[in-house]
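Across the two complexes that follow, subunit A remains constant while its partner is subunit B and subsequently subunit C.
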Partner chain A sequence: MLHIKPIVSSLMRSKSGPLLLLLQIILSVAIVANASFIIHERLTMMQRESGFTEDQILSFNVYNFDPEIDNVKQNIIDQQILRDIPNVIDAASTNMMPLSDSGWMDRFVDGPDEDTAKSMPGFAFYLSNDHWLNVMGAKIVDGRNFRPEEINTRIDETGMLAIISQPLAKEFWGDESPVGKTVYQGEQTIKIIGVVEKLQGAWVDHRNFEYSVLANIDFGGNNSNKTYVVRSLPEHIADLQEQIVKVLHAENPNRVIDSFSSLTEMKNLTYSNHRLMATILSIMVMLLLLITALGLTGMVMFNIQRRTKQIGTRRALGAKKTDIVSYFMVENYIICIAGGLIGGMLSLQLGKQLMSLYSLPILPIVYPVIAVVGLLVVTTLAVIVPAVRASSISPAMATRNV
Partner chain B sequence: MLSMKNISKVFKTDLVETHALREFNLNVAEGEFVAVTGPSGSGKTTFLNIAGLLEGFTEGEYCLDGVNVSNLSDNKSAQIRNEKIGFIFQGFNLIPDLNLAENVEVPLRYRGVKSSERKRRVEAALEQVGLAARMKHLPTQLSGGQQQRVAIARALAGEPRFLLADEPTGNLDSLMARQVMELLENINQSGTTIIMVTHDAELARRAQRNIQIVDGQVCDFSMYQKADHSVVAELKKVADQKQAAELNQIVSGA
Partner chain C sequence: MFLYYCDLAWRSIKKTPMLSLLMVLAISIGIGITITTLNVYKTMSYNPAGDRNDQVNSIQLWSQGLDTWDEFNTNMTFTDVSNLRNNNELAIKAASYRTGLAMQSDDETKAPVLRSVRVTDTDFFTIFDVPFLFGNRWNKSVDLQPAYQVVIGEQINNTFFDGKNSVGKTIYLNRKPYQVVGVIKDWNPKPKYYDPTNGAFNDAEHIFIPFSLSEQEEFDVWGNTSGWRFEPMLSYQDRLRSEKTWIQFWTLLETTEEKNQLQSWLTRYVEQQRSFGRFTDTAKTPAESAQISPVDKLLEDNNAVPSDNKILVGLSVLFLIVCLVNILGLLLTKFLKRAPEVGVRRAIGASRGQIFAQYMVEVGMIGFIGGIVGLLWAWGTLTLLHAEFNVDPSVTGLDSSMWFVTPLIAISTAALAGVYPAWVVCRTKPSVYLKAQ
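This part shows the complex of A and B:
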């Protein structure tokens, strides 16, 4: 028998203690539900597949200070030098690195008339050559890669070709293949020749993170400062830095070569704030649950001390030990469930506020439910030991003057 | 109804052994009203606790309502307490957060009595003690005498075979005490066996039998009461002298 009615009556008449506990549970549910959702969002974000061979990619910058240098020629020479290094699989110049928190964004339209054309969503805009996809390990699922003879060196040259990411293609054209379609940017026409399965951008928390376009422009030929990406097997990445500096300086010593970073390092750095946020929120949730558990245990222990004679009397009147345990469990489950219901509603309201203030997705109902279930588990763990101790109070306590 | 043979109860600590009851023998017939008196520390409460299955004993045999209850499990003891014994405590022991009706139904809930039957019994029990009109009141809204009547109603609601009353009038003034005593006498006349521990000699005299516990053993005066009043008086004097000596010890120790 659970004896819920007299327990509720008793709780209603001794308001202050249960009310404080109720408030604590309401706040705990509201905070734990939203914090858990944010933690899950962050973890999901960090676990997204980039589509790149992250541990095989090394990027670095080259700064040329010689005003006489022909950047286009030097760029071609340097890339060939890099490809000739033993254990290097491929190398390319690039205007930006994925997952780096820094890069280019752009937007095309689907027609020449600006007034009637429909705009594509914003995307990360990569500029490189026919080697780039091989360096990054990106997989073509429709169409083809650039051919060497199709590579331009300037962004305003005619004949721009583009390879786009599959999520962008699906967003704009649905199931229809975008290969062969022409898109526009001002006066320039861009022909789509391929689709890659995944091609993430630079900003990991941007809503268009999966939308990217690679254009056939060898950007390393544009100016004196260049970024290169080199692909090698993971076991050779550590030695590669020294070899790159050596071979490039051998070709032309009047330049600075620095900012070496593997894509894995870049990804870790970019996600560090999210990781920190998830860690802090996880600690906060644990502390909150611990404080709630301590509150529950403290309240039960206080109640046991206050009701020692009452427990003895109940035992004298025929309560079994399990009745006493069940009394305290039910009493605290009632507070927990009431707090959980109110806290759940509060968490949804809090979720709405967070959504409007920090552009978070709306809190799914499953999180308050999980928070309440979690608190029921915490309640069980926090109450069971003192409740069992209470059940061992002798019925003879009823006749003692305490 | 109740038969205790050679019951002994020893409380042991690392340093001392205290014999609360020794070679304790008592038989109480069904329908009897027995008053138990004795000086402080004589073992009255220990006897009451053992009789009510509130605690166990070290040696001996105890039969209650024809059942040997010497070595029962905790659950079985709880069941017998719930079904056969009604308790009335000196401090009333009502649950302050529950109203009178909820207090009275506590033992019925532990017995698993259905809601409608509980309600009927609670109303009948409170009617019997004259408090049916106040069943929604909290114990704190009642006088001491009324609270004790609620406690009696709680004991009666379970329709027990016998009642154990621990100083039922100890916290009441003389008028209230008389009312409670009359109530207990009425209950006894309806067939319920009552054992009442009391310090009040006047109340004890109203019982059918008066036993005194001295040093954990029974001194049953009733068998002499009608035969030789002088013997009874002498034995009582011995007990009173012992009580006086204890009091002196306490006073001089303080």
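This part shows the complex of A and C:
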């Protein structure tokens, strides 16, 4: 028997304490549900596989300011120099880095006539040569890589080939293989020759983050400011920086070589806002539970002191120790469940507000449920200690002070 | 009397150390979290233009075609910027974009460095009120007749010229000689309001060169270039002729009259451009196709404060309310326990008001201690944020206003929590407790 009726009527006699507890639980459920949902969302986001061998990739910037430098030739020489450095597995030029927050976005259409053709979704547009996939550790699942003789240097040359990411292929062509298809952009026709399993873009918050295209254009020759990527085993990455500066300056000193960054560092940096949000919210949830638990313990202890006489009387009249413990537990559960219900509704409302104001996804109902269950566990722990202490009040207490 | 109450409060706090500790902990954690998020929010939403907000304006044009972008782009095309620069009705104006150049000086021992550079007009320094250390901005004629002149920052002056007056000296940018005409003092507005489009919390550039050099020097663009239709950019000329947007345009408007005048000029301009076949989105009237935005609007449009931040402030205020409710419960518990004592005091002549005041002082004291501890929490968290998450130091520095805001929030939170318990306890009927004794 849980004796709910006497518990409720005793709660109704001194309303203010239980009401405060109720209010606290309502608010806690609302906060914990929404916060844990946001935390979960961010963690899932950060756990996405990039498709690259992150810890083996080092990128850096070379800026040639000598007007005599022929960028196209220099680019080819520099890449060869980089590949010849001991411990370098492979090297390539690139127009942009994944997970770096800056880069190119573009779109192709599926027909030569601009007015009738269907547009592909926007994608990150990588330009490099036949070495790039090897440097980045991306895996071809369909079709093939570029061949060395197929590499162009300008974006307007004929014979543009593309390797696309699988999510982009699935989105646009469904289960059909895109290999061999032709797509268009203005005057340019592009033949798709391969599909890589995974190839993320530069912007982690972009909805087309997994959509990417790699074209056969060795972009390092287009511009005096170039980015290179080299692949090496993680233990060699640290020494590589110095060697790279040395060998490239030996070739031509009129350039600035800087912005060294491994892909792991870039990934950390680009997700730092999300990691920050998840961390702050987790701390908030833990502190909230702690404060609620401590406050509850304090209140129950006080109640027990105030009710010492009643507890003694009940014990003298034949109540068992477990009856006393269960009294406090049930009292707590009544408040918790009432608060959980109202708080659950409030949290859904709050979730709706957040969704409309900040375009967060809508709060799934499971989060308020988890929050309530979590609170039940925490409050049980908070109540059980003082309740057990109360149950050890001796029946003699009741008779002593009357 | 107040000091006596303080003394009483301190004794009472010491009498129930665990409960008091719990209350201070609750309030300090609540305050700590709220102040942390509030501080980040406040520094991010800071408007560096201050009083000059309404005068410093940027211009945006709806140059895109039908069904393309559904917002104004902060940047403009080279064509529009050139036409605006030639608008003589507008006295003070500056185009601006970011590039990067390799810098050297006559001193051979200093290795060349790649630096980001602001390409702009001389009025830029007037519009943003940039303080000069030596020399001055370049002459206005340079904006029309390009010249290789440069304004450098204090930091560069220190590295390359040992902090001496370098006006008249030469620096080399991509091996071309530029004559230094001015050195500005350390100037690094946060957010970087003159160009919030790529990283509102990036550092300001330390090298400024004339915009009029753009066409002959073909500076790379280190910023966003956006296009709404397919236009290959194979040469710099393609870029200049394209409908791509990449340049910010600023002006200083002292009065609403000037603003209206500019708006009507822009309306006429859009009409004229339409007759040339540009500005093809006819869903907008010519007047709607031009926008003059003061600094606050531009920062808002560019989301200088990320929405994550607003969510955090909201949640932490809710958190503070939970702490408040929690303390309310504990105070009620504590005060009611002392009801017999109050009964005696009432019986020997203390008025209700005095009892109320006494308990409010105690509550205030708890709030004050909680506030100080909370400020320490906030300071600790902000330092941690800076160290662990690459959050910019300008955002994680404790804003000076927080020294006032924190105790204020702390004491008012505590007072709010304490009013009801103090009121309950001051209504204690002395007779009940006297009888029981």
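In this section, the second predicted complex is superposed on the first by the 397 of 402 C-alpha atoms of A that agree within 3 Å, B and C clash if a C-alpha of one lies under 4 Å from a C-alpha of the other, contacts with A are read in each partner's own complex, and residues count from 1 in each chain.
The criterion applied here is as follows: a residue touches a chain if its C-beta (ideal position, glycine included) is under 8 Å from a C-beta of that chain, and two chains touch if they have at least 3 such contacts.
Predicted, not measured: the structure shown is a model, and the values here were computed from it.
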In the superposed arrangement, does A:Gln24 touch subunit B (first), subunit C (second), both or neither? second
- Which superposed partner A:Gly318 touches (first subunit B, second subunit C, both, neither): first
Touching partner for A:Ala396 - first (subunit B), second (subunit C), both, neither
first
- Query: Which partner does A:Ala278 reach: the first (subunit B), the second (subunit C), both, or neither?
  - Reply: neither
Given the touch rule stated above, what does A:Leu294 touch, subunit B (first), subunit C (second), both, or neither? second
Comparing subunit B and subunit C in the superposed model, the one touching more of subunit A is C
Looking at A:Tyr358, would you say it contacts subunit B, subunit C, both, or neither? Reply first, second, both or neither.
second
If we overlay the two complexes on their shared chain A, which of subunit B and subunit C does A:Leu82 touch? Say first, second, both or neither. neither
Residues on subunit A touched by both subunit B and subunit C none
In the complex, subunit A touches subunit C at residues 16-17, 20-21, 23-24, 27-28, 30-31, 34-35, 38, 61, 63, 65-67, 102, 114, 154-156, 185-188, 223-225, 254-256, 258, 269, 272-273, 275-277, 279-281, 283-284, 287-288, 291-292, 294-295, 298-299, 302, 305, 354, 357-360
Contacts from subunit A onto subunit B in the complex sit at residues 1, 3, 6, 9-10, 13-14, 309-310, 313-321, 323, 394-396, 398-401
Residue set of subunit C touching subunit A in the complex reads 19, 22, 25-26, 29-30, 33, 36-37, 100-102, 112-114, 174-175, 198, 220, 230, 232, 234, 306-308, 310-312, 315-316, 318-319, 321-323, 325-330, 332-334, 337, 385, 389-391, 420, 424
The residues of subunit B that touch subunit A in their complex are 45, 48-49, 52-55, 74-75, 78-79, 81-83, 87, 89-91, 93, 95, 97-99, 102, 105-107, 109-112, 138, 154, 158, 166
